[in-house]
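Look at the two complexes coming up: subunit A is in both, with subunit B in one and subunit C in the other.
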Partner chain A sequence: MISVTNLSKTYEVKRRDNFWTFHKEKIHAVKNVSMRIEKGEIIGLLGINGAGKTTTIKMLTTLLEPTAGSYSFDGIDAVEYPQKVKKEINMIAGGERMLYWRLSAYENLWYYGQLYGIQNTVLKERIQSLLQMVGLWEKANLPVESYSKGMKQRLQIARGLINNPNYVFMDEPTIGLDAVITSELHQQVKELARKQEKGILLTSHYLAEVEELCDYIYLLSNGEMLIEGTKKELTDYVFTRKQCAFSVKGMDKQVEEKLFAALREYDTEGEISEMDKGVLVTSERELTAFLADFALREGYVIQELYQKEPSLEDAIMKLSKEAKQ
Partner chain B sequence: MITFFKVVWGEAIKQHRNYFHSKTIYISLFVWPLLSFVTAYYGYLPFEIETAKIGYLNGENILIYLLLGYMCMSFFRSLVQSAWNFSFERQSGTLEYIYLSPGNRFAVLLGNALSSVLESMIVMLVFGIFLMFLHKEVLRMQLGTCMVVFCLMMLMAVGWGVFLNACFLFSRDTDFLFTILEEPMEIFAGVKVPVILFPGWAKIISLIFPLTYALEAVRETVLNEASFYELKGFFFISMMILVLLFGGTLITIQIVEKHMRKTGNASLF
Partner chain C sequence: MGAKVFFATVWKEFRVRLHAYPISFMVSCLTTGIYTNLGAWLMYHCFFEGRLSSDFSLYAGTGDYMSYVIVGSCTYLFVVRTCLNVSRTLVTELREGTLDSLMLAPFHRSAYFLGNMALQTVTTSLELLISVLIGLFFGLQIYHFSPGKFIIAVILSLYGFFGISMMLGCLMLYTRNTYITQNTLFSLIFLLCGITFPKEYLPKALQYIGALLPVTDAVDLLRTSLLGGMTAEDWSATAMRLFVLSSIYILMGFPLMEKAERIALEKMEG
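Here is the complex of A and B:
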């Protein structure tokens, strides 16, 4: 288990006053962040740009030293023994950088295997199984520069697993990929966690991806932990009121006004907002029966009536807006 | 220890595949020093070479004198170029993965330098030995001393390479380092013109480059039959240089890692 307690990072930045003098300024990139990552879990780390995601990941991967706080991997103190921890972790980043393009996929993996001091026989078998897993074994000896974007990203996944890490940090792993390849990669990420019992920390700007993959989510804002929980816990926390999509045949402004009046009689805090088709009704009280009753009473033919589950994206957007305010 | 050598080997092979991916690069590595060597030789031809300052230098062995200069320089110059190439690891993001791994940082720099030294000079070395064989009548050398000096020169080249790798890897402006290290080394280390003929200020600059000492010893051994005893000064200086280069590299690595973990930035200067 990765256990993170009150992790903080403060940078000292030099700001020039004029040609001769400058002053030092402290920037608190991450403040008192705590989290847990168990093996076999996919954990999402979200936050708008500048929230402190990259700094947090760099600290967890031992590339940065925290200013305060502690974190451990299976009981090993990462601040005290970063070299020990390095053997247990790896990172998979999105994009086409971080690979040697003139080398083949096999050579890339062999090189990184050497850096981890893996025995040659073990390394050969592992390279083969990883390249088979990501579907690149047939093209293992072609230079990476001849690969497509998706192939390079699959190679990144294989590279990130070369040392058979217990914990993998994935930083925007599907950035710039098309839907088909993204879906394939999602499947592989799930398998890594469910079948191979790896603990995964995922950051992504694609909230649908986080919603699909992550068991638990941490949301950072201005370097601080804003909220944490499962997808359901987050949306329930943000959206305490019920939402129903509703439309009837011949829906116009007059119908909307009638509905609004009825809703306010039913719930004084009730709200209506326009959707592409029909309206979205929000209330503290049960809505489906109320709306069906309203349509029956007024003689309208219902075209659409369903309870709307708020998405993670809705919740994060709302939280981000609130945090900004 | 095995892990250390695995990293050295891994880095050397990666460097070979990454930068020597095309055989034509061997031609380019050979053609440029060869042209420079030929130009220097024909530049000397119209003049009387005999000089009181270098007793063993004359019109007959000037060719080998210059050849030795260019052979030794090909060792050292290739390292400046490879260190410059190595600096791109920082920009391409692969350096971050190297730092993410537990691989020994010194082993990475060493593997890179070794690969460069052994690959870059091979064509020039073969050509040089062939030319020396054709002019063997001017050679006055003790084979044992010559081999020791040659090995020490190679070791100094590797030390120079490792140190340069560290400097280039952690510098914000590698083009500047490349400019101040490449051409000036050829001029001030005495590749074309013997250092002894330089004015005082140029002699001081020449002391910066390990090539200056190595070249002097190689020429003394091959053309002047210098013995171990006569070269004791060189052995002492070369040991000092090696300690400085390897020690300096280790300290640089430590400082950079500390700086990087504190600021998240690998650029030290």
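Here is the complex of A and C:
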């Protein structure tokens, strides 16, 4: 288990006052972040740009030293024994970094394997099985610079697993990839956690991806932990009220006004907001029967009426907006 | 594990360079040697009409200016090529986006840098061989070749160049600049270390600065092992001074490099 307690990172930056003088300023990139990652779990770390996700990951991967706080991997203190921890972890980043473009896929994995001190016989077998897993075995000897974006990203996954780590950190692993490759990668990430029992910490801007993959989510805002929980816990926390999508034939402003008046009689806190088709009605009271009744009473033909489950995306967007305010 | 990292780095760098650097790069490096020799030859024969001041032999230990310059410029070529490539390895990793994946692995940096140094020594030696052949054309004559002294001088020089590379590497990684840092250092080496003229012609203050660079002693040792001119006692003292100075550079370089790595990774965060 990865156990993180009150992890903080503060940078001291120089700000120039004029041509000759400058002053130092402290920037708190991450403040008192605590979290747990178990083997076999996929944990999401979310936040808008500058929230501190990448800094947190870099501290957890021992690339950056924390200013304060502690974190351990299966009981090993990472600040005190970074070399021991390095053997147990690896990182997969999005984009096209972390690979030697002029080497082939096989050569890349071989070199990284040597840096981890893996025995040559073990390494050969592992390279083959990893390249087969990510579907690159047939092209193992081609230079990486000739690979497509998706192939490079798949090779990144293989590189991130070369030392057979117990914990894998994934920083925006599907950034810039098309839907088909993203879906394949999702499958591989799930297999890593479910079948190979690896603990995975995933950051992503694609909330649908987090919703699909993650068992538990941490949300950072301005370097601080805003909220944590399962997808259901987060949406329940944010959306305590019921939501219904509603539209009738010939829906216009007049109908909306009538609906709003009826809703306010039914629930003084009820709200209506525009959707692509029709409106989204929000209330603390049961809505389906009320809306059906309203349509019948006014003589409207219902086109759409269903209870809307709030998505993680809705919840995160709302939380982020609130945090900004 | 150190040996694994050493050989793997030699192999990786070789493969990368094989793809990355065209033959023209090697040719352009050779031209540095050719131009230095040609410049010295033209100055000596056309400008000074083959005349040297009376104290040249005293300072240089030889009256053969062209041999003096050719050995100096070959050493300079060696320093430039080694320091240039070894010192900028991490900055190159940073630019190519592989620094963080490299730093994730639990290996010792010394093996990594030595691997780079070893490959660079082999490739530069081949280039140097060609430079020496060109030097023969310009009038290089080896009067007092002492194989034992030459081997010791080469080993100590490599040790010293490795030390400079580490310090230069720290600066490059810290400033994320290769151009200004390396060119400033190489200009200082060219002017202060007795490459084309004896350092004794320089003002005392500059001589002291030159003495802080291991190249100054390395050039003296290599020249003496090929052209003679230094007593055994002086040669031993110079060798000892080079060893101590290089050790200081290396002992300071590794911890500084670790710090520079951390700063570079933090700077990547913006």
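Convention: the second predicted complex is superposed on the first by the 321 of 325 C-alpha atoms of A that agree within 3 Å, B and C clash if a C-alpha of one lies under 4 Å from a C-alpha of the other, contacts with A are read in each partner's own complex, and residues count from 1 in each chain.
Keep this in mind: a residue touches a chain if its C-beta (ideal position, glycine included) is under 8 Å from a C-beta of that chain, and two chains touch if they have at least 3 such contacts.
Computed from a predicted model, the values in this text were never measured in an experiment.
Let's test your reading of the overlay: on subunit A, do subunit B and subunit C clash or fit side by side?
Partners clash after overlay.
Output check: A:Leu312 vs subunit B and subunit C. Expected answer is one of first, second, both, neither. What do you get?
neither
What is the contact status of A:Leu103 with respect to subunit B (first) and subunit C (second): first, second, both, or neither?
both
Is A:Val134 contacted by the first partner subunit B, the second partner subunit C, both or neither?
Neither partner.
Where on subunit A do subunit B and subunit C both make contact?
11, 55, 58, 61-65, 83, 86-87, 89-91, 93, 97-100, 102-103, 107, 110-112, 114-117, 159, 163
Tell me, which parts of subunit A touch subunit B in their complex?
11, 55, 58, 61-65, 83, 86-87, 89-91, 93, 97-100, 102-103, 107, 110-117, 159, 163
Write out the stretch or stretches of subunit C touching subunit A in their complex.
It is residues 1, 4-5, 7-8, 11-12, 15-16, 19-20, 96-98, 100-107, 262, 265-266, 269 of subunit C that touch subunit A.
Which residues of subunit A touch subunit C once you look at their complex with the stated criterion?
11, 29, 54-55, 58, 61-65, 83-84, 86-87, 89-91, 93, 95-103, 107, 110-112, 114-117, 143, 159, 163
For the complex, give me every residue of subunit B touching subunit A.
Residues in contact with subunit A: 2-3, 6-7, 9-11, 13-14, 17-18, 21, 92-94, 96-103, 108, 260-264.
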